[in-house]
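What follows is a short report on a single structure.
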Amino acid sequence: MCGVFGIANHPEAANLTYLGLHALQHRGQESAGVVTSEGGTLHAVRKMGLVADVFSKEQLASLRGSVGIGHVRYSTAGGSLPKNVQPLTAEYRHGAVALAHNGNLVNAELLRTKLEAEGAIFSSNSDTEVILQLMARCNETTLAGRLAWALERVQGAYSLVMTSEDRLLVARDPHGFRPLILGRMRTSPHAYVVASETCAFDLIEAERIRDIEPGEVLTIDGAQLVSQHLPPAPPRFCVFEHVYFARPDSRLNDEGVYDLRVRMGAKLAQESPVEADMVIPVPDSGVVAALGYARESGIPFELGLIRNHYVGRTFIEPKDSIRNFGVKLKLNPVPGLLKGKRVIVVDDSIVRGTTSRKIVKMIRDAGAREVHVRISSPPVKSPCFYGIDTPTRAELIAHSHSPAEIARYITADSAAYLSSKGLAEAVREGPERRFCDACFTGDYPIPFDPPTHRRQLRLVEF
Amino acid sequence: MCGVFGIANHPEAANLTYLGLHALQHRGQESAGVVTSEGGTLHAVRKMGLVADVFSKEQLASLRGSVGIGHVRYSTAGGSLPKNVQPLTAEYRHGAVALAHNGNLVNAELLRTKLEAEGAIFSSNSDTEVILQLMARCNETTLAGRLAWALERVQGAYSLVMTSEDRLLVARDPHGFRPLILGRMRTSPHAYVVASETCAFDLIEAERIRDIEPGEVLTIDGAQLVSQHLPPAPPRFCVFEHVYFARPDSRLNDEGVYDLRVRMGAKLAQESPVEADMVIPVPDSGVVAALGYARESGIPFELGLIRNHYVGRTFIEPKDSIRNFGVKLKLNPVPGLLKGKRVIVVDDSIVRGTTSRKIVKMIRDAGAREVHVRISSPPVKSPCFYGIDTPTRAELIAHSHSPAEIARYITADSAAYLSSKGLAEAVREGPERRFCDACFTGDYPIPFDPPTHRRQLRLVEF
Amino acid sequence: MCGVFGIANHPEAANLTYLGLHALQHRGQESAGVVTSEGGTLHAVRKMGLVADVFSKEQLASLRGSVGIGHVRYSTAGGSLPKNVQPLTAEYRHGAVALAHNGNLVNAELLRTKLEAEGAIFSSNSDTEVILQLMARCNETTLAGRLAWALERVQGAYSLVMTSEDRLLVARDPHGFRPLILGRMRTSPHAYVVASETCAFDLIEAERIRDIEPGEVLTIDGAQLVSQHLPPAPPRFCVFEHVYFARPDSRLNDEGVYDLRVRMGAKLAQESPVEADMVIPVPDSGVVAALGYARESGIPFELGLIRNHYVGRTFIEPKDSIRNFGVKLKLNPVPGLLKGKRVIVVDDSIVRGTTSRKIVKMIRDAGAREVHVRISSPPVKSPCFYGIDTPTRAELIAHSHSPAEIARYITADSAAYLSSKGLAEAVREGPERRFCDACFTGDYPIPFDPPTHRRQLRLVEF
Amino acid sequence: MCGVFGIANHPEAANLTYLGLHALQHRGQESAGVVTSEGGTLHAVRKMGLVADVFSKEQLASLRGSVGIGHVRYSTAGGSLPKNVQPLTAEYRHGAVALAHNGNLVNAELLRTKLEAEGAIFSSNSDTEVILQLMARCNETTLAGRLAWALERVQGAYSLVMTSEDRLLVARDPHGFRPLILGRMRTSPHAYVVASETCAFDLIEAERIRDIEPGEVLTIDGAQLVSQHLPPAPPRFCVFEHVYFARPDSRLNDEGVYDLRVRMGAKLAQESPVEADMVIPVPDSGVVAALGYARESGIPFELGLIRNHYVGRTFIEPKDSIRNFGVKLKLNPVPGLLKGKRVIVVDDSIVRGTTSRKIVKMIRDAGAREVHVRISSPPVKSPCFYGIDTPTRAELIAHSHSPAEIARYITADSAAYLSSKGLAEAVREGPERRFCDACFTGDYPIPFDPPTHRRQLRLVEF
């Protein structure tokens, strides 16, 4: 997962990009970067670490220019290496260009092999660099033309922001897998912004105009907005953004995430009721759905697990060995509260099952009489190839186990998932399909053969 | 505010102290330190910063010894300087000694002036050092004797842990202002631990034995526990620990903090009801009381303000200029949810009123029709001199303004506080007074004249 | 100026490369880097700074493999940027490759423009990268074939070391501008080493075998050495290596540098005698020639200027503003010694004249009655395009001023240079020309039109 | 060894102190510090490392005030710990005070034990702190009075600078072991400076006024200089300053160090001649004496060993294990030059003999036919207790071995030392004894019983 941000026509482009990345920090904590455009020159600051640690005051001040793009990354393709920190930059015959990307390209390796055979030298392991390499080989005379030409040749998920020649370019893949929203500064109506989520607009006092359309390539040149469109494809917005990734105070596809999550919880209560004394969420991701469940079921809502916020987010930690210890470091049951009680625990998803197992065990150790696990989305059975860093199919517990078997493994008295139908209703999908739910169904909008593989590491920098 | 931790008789003293500090991080984010005792030698790591950043793996490994003490600090007396990072250490004629302190001594300046007149050189600005200087001048033959002798001469609030001569010493002032709890490792029953809150025990799998008694000086020497007592005084446990500071999953005075906060919210709903469409907390401190208010009033509970957890805690930031900006950085209303609604906002306290004003404004900007502020404790009218870093009386809005005036200032439709009686009932105070509530009442258990003042800075280290 | 080092077939390749760079530190203090080859994987550590600061013990330990190359850099082409730190690395279709280069390519910009027009993306501003880009486009089947193919297309000065596919490749341009010497470890005869100067061999206890021949491309594959040759050109070894750059304890072209510098000083004494009380060098570069001058003239040698070795080398500092101050920081006359004396000051060269002026002034301030400047090489009138970072022609004082005018500018009683003939005799040039002396004569072995220019900076990283 | 610097009445006190420390860097490379006085407030920057690395531009700018003191340290008493970095500072009843000290107190441990018994807490292991602790206990009403009172109670070697109450205080022990010189800024005649060596004056364009007298306590208060004197003692200036420590461009006791070293070399040539082809110094310490030897003997002077100046000074490295390797890292013979030659190697002293042995071996490996070692001072047989960090008697090779035995150990054909008489003549000692030569003779000016010992480390900070 990643978050992107862009701004044009604002004297404080770097500072606003920095703030925008703060609001998007939940989408990636591994690295952060900002590039600004000042005349023909790009200025860049990029580093491993959180936004608050990556940028010094002095560095921000040196990021001059009125166009800025930024990126927070949790690594998907490319691996956890300094050279993959985005925005990627390159110098090609038309000058310097910077690009930040949320998503994942499924034909990146094929294209890379082909480009290398023609003599290309890549400076990163990132799939994103393929777009730059294609642009460098393209004979289109305009920047937008080169970007569109390159995007017609890649397949997969991308919401991207680019700057070169003092312009801001924005594009979203034809399926529209990842969110990307256009806004403008309230106090400066010709200063346009784009971001992965609207919560970034709220912080900087920008207002939402509309979503960037699937397949749209938008050039912001001064106060002028020019749109082009890639060949169309059916819309497939990632439903997992609604289930887990997005912040609940964001609006995606003009829907409030908070509201949809309350609906998921309520549907879940309708589908999988159970007698109990309290509903508790796994914080923070399960909180809103748990509220919906509690309200629908009439069972009291309690914050039975307290989270220590000085340690990072579970799902997003790179190494498994840390994660197991992380449950203990992050969550602690409220003593006394759970003693002798029948407890419903609500979470957004189960991936490997190891974390859920530890949580259930923790709740039982705190004296709960019964523990019922309720998940506000269907079972995750298939890996995502469009930008979410899920493990392989074999590691996904729901790929090979039924809910009853999962309940047994995680030592719960019962375990139930929201049905696909329930999820569809919660997110208000109409008769026309709008969402990608490949992680639940294995129904991939973009087929690929052979499957995406990771390139062997051939160069290691210490 | 600060947090302290100590452990004796465990081969992994440093690692467990480090984990204990992780669990106590909410009590202080400015600096952290661990000192271990190995034979006559003390090993120390201390630095400005969060626990996760202060200690490297290598440094932890070099902290050998079976006794460890640790401290997380948010500066009160002494100022925000590297030389004040605790545990303080000193070498005196009986060897090396380390001391970590939660609380504030009210006669520290008087004692310091007197000691300096006799030739003492202080190496910090911290009030805590007075205890070490007194011990260095004492002729008692035992370590515990020297500590007790020094403590008989200081006045104020202290929960402290000390190590020297391979022993762990623990003490709590006669009023018992700050919490301090004794426990033991489940898997290693002769390994004793002490901590400011029980949540530190949960993380390391220790169990609570009992609170350290007010006025108790406890020496843990090998597997032996020896208690002495200072001259007694009436118990005055800080009620604000229950209202705000402690983690809700901690038990203090053998009471669950979560439960007491639910009760505060419920009492508040009884005392100050108002018709509304939803109850929302100011996260995180107001969440549990808001649950209690919502449940008692029957008005739906919603998480109307979303907190960005990648930025630190409001009340605990050192500089006002950062804090105002911090509200925007930390909290964002859920768009749509509040539109046209009558909203009750629950928080634990109002200090200067500037933050509350911004929050109310934010909620109104999100479309709320009415905003009613409800505070789960009485008005804070007087500064704390026992370890909480409150501003001077003049800056406390409730010192000079009525709730109605405060409501006007913060632009709320109404504002109400929990009454003193309501708070007393919520925390189950009986006919015998047990709590210090000087911040609400101005009734200080330890008088002082002239008031505590900060020594002018005479030495600045860059 | 730069220094390169390479080693093959030794289990401690990284450590020996690190030591070799220590011995070559005088050739470049801006950055340092080591890359090792372990099977198909390259391991790299590269950073701005001195060798002693760039590499930690842990990083050296992680540089596994039996082939190593290293580089110390004082920037010439490419600018003082982290991304230009060598060895450069790239991944192309045949795997990962690393390259370190001493010298300067005169057609790099032309080639870069051409390659970019064909779609190449460069990841550095360094002229060296052109070689990698050419190799990536070449269809030769062997590594050595690709390197030779690329080198046939570049023009200029290069002594280079490369590693890929677990081999060490070494090449020197057909004119042999820069030194490069082959040796072997005394204790491990199949472990071959190459270095810019023999002083690197002395430190690691290697012995010199022979110079790499001009135009030679040597592949070291296991214990096998295979040579190829580029189209031949007349030998043009940089005579300034003998005059200034090389360490006096090095042997270049099988000549001892110390001996040649003594000869330069002696020739200078013969050509430009003057009555005086003492000969003093400008330390360290003028010391050996001053010894020769003193010995030939019979005038006593004194160390009249003492150098503070805790500050870096004059000529090699990047910014003019620092250099002027640097004279004061670095050199101090011995008080008393110079008082009332007629002093001959010997230095290796005069570039802008500003430093010499300050030195002469300093000597006069110390009481010298007469100051005669003697330079152990001819006047530097033309910039070097083959790897030495000289200023433009307009800044070179000797380009537009006679020795008499220079004497006046630097406030010396007299100033004299070694003649071209004298220099030729000192370095034992026979009837056949062997040296490049373009900086003295403007007679450039490789013509170029238009002149090499620096590419505008289009991407700045903070 | 250490170096101290002080300045009063100059608006750029911090910058000039910083430059002064640069010039004194050869006296200590372990740590550096500057403290300035601005009204009653002291500002401090102190750190382990070289002057160039310790101070950032920002930190220097924050050192406000017109009085500055500085210190470079190579640890003697106190050990290599951050808390011992000087200037030491303390806050006592009269305000803040800072003190920097070159030398060593022989009764520091006795005084410390006594002070601790009275309740003193020391914040460092440094002997220097005893002076501060004594001052804190003194009832004198003036700052100079307190300093003099304290100094009357300590014994040993000290040249010290102190600042408090916006004054600069300067003192030298009654024997005058260590140098300390008074000067004034040429351009600002009321700005007084003091430094360990005059080379610090040269850099900042100050002129020498006179030496601080042995036993003098000088207060510089505004433009006023007030002297007091401690009880007198016979002068005992450390002759080893002339032999080794001081920079050759310094004047100590109004004698030029360079001149005295030339004389030592010449005397040595008279006393211990030998037929040879060349005289070579061990750089840098032996260079000037070797010049004197060569001139007197008529044997050619050659720089046969080249030093790599990017690695620090031999004698001054803290750990033996590094030092041995250091010889190889630092010195390299000029190849060819020594082949088949009879070589005289001149150095200033032999301590353990291990380094000399390696150097002789290196010269033989380079082909020398004979190697004769000549030392420009008498054999070092006894440790120094007055500020030079020599090893214990047992480790000093000359304590138990004759020159002939030493020659055999270091594998030289002959070894000879300058006689005590020769040294006395070289440094122009008259019939009245002026120098301390305890390291050569064991004749200690200040007796002590029991011998100075190092306090066990009781507190370790990582």
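Letters A, B, C and D mark the chains as written, and numbering starts fresh at 1 in each.
The working rule: a contact is a pair of C-beta atoms (placed from the backbone, for glycine too) under 8 Å apart; a residue touches a chain by one contact, two chains touch by 3 or more.
Everything numeric here is computed off the predicted structure, so don't read it as measured data.
The minimum number of touch steps linking subunit B to subunit C comes to 2.
Chains making contact with subunit A as well as with subunit C: none in this assembly.
For subunit C, the chain with the farthest CA centroid is B.
A separation of 37 Å divides the Cα centre of subunit A from that of subunit B.
Centre-to-centre, using mean CA coordinates, subunit A is 62 Å away from subunit D.
Between subunit B and subunit D the centroid-to-centroid distance comes to 50 Å (mean Cα coordinates, whole Å). Residue positions of subunit C touching 2 or more other chains: there are none. If touching chains are joined by edges, the resulting network of the protein chains shown is one closed cycle, each chain touching exactly two neighbours. Every pair of chains in contact is given here: A-B, A-C, B-D, C-D. By the touch criterion stated above, subunit D contacts subunit C in their complex at residues 19, 22-23, 25-26, 29, 50-52, 198-199, 202-203, 247-249, 251, 256, 258-259, 284, 287-288, 291, 295, 300-303, 306, 308-311, 328-329, 332-337.
On subunit C, the positions that touch subunit A within their shared complex are 40-46, 59, 62-63, 89-93, 95-96, 113, 116-123, 132-133, 136-138, 456-462.
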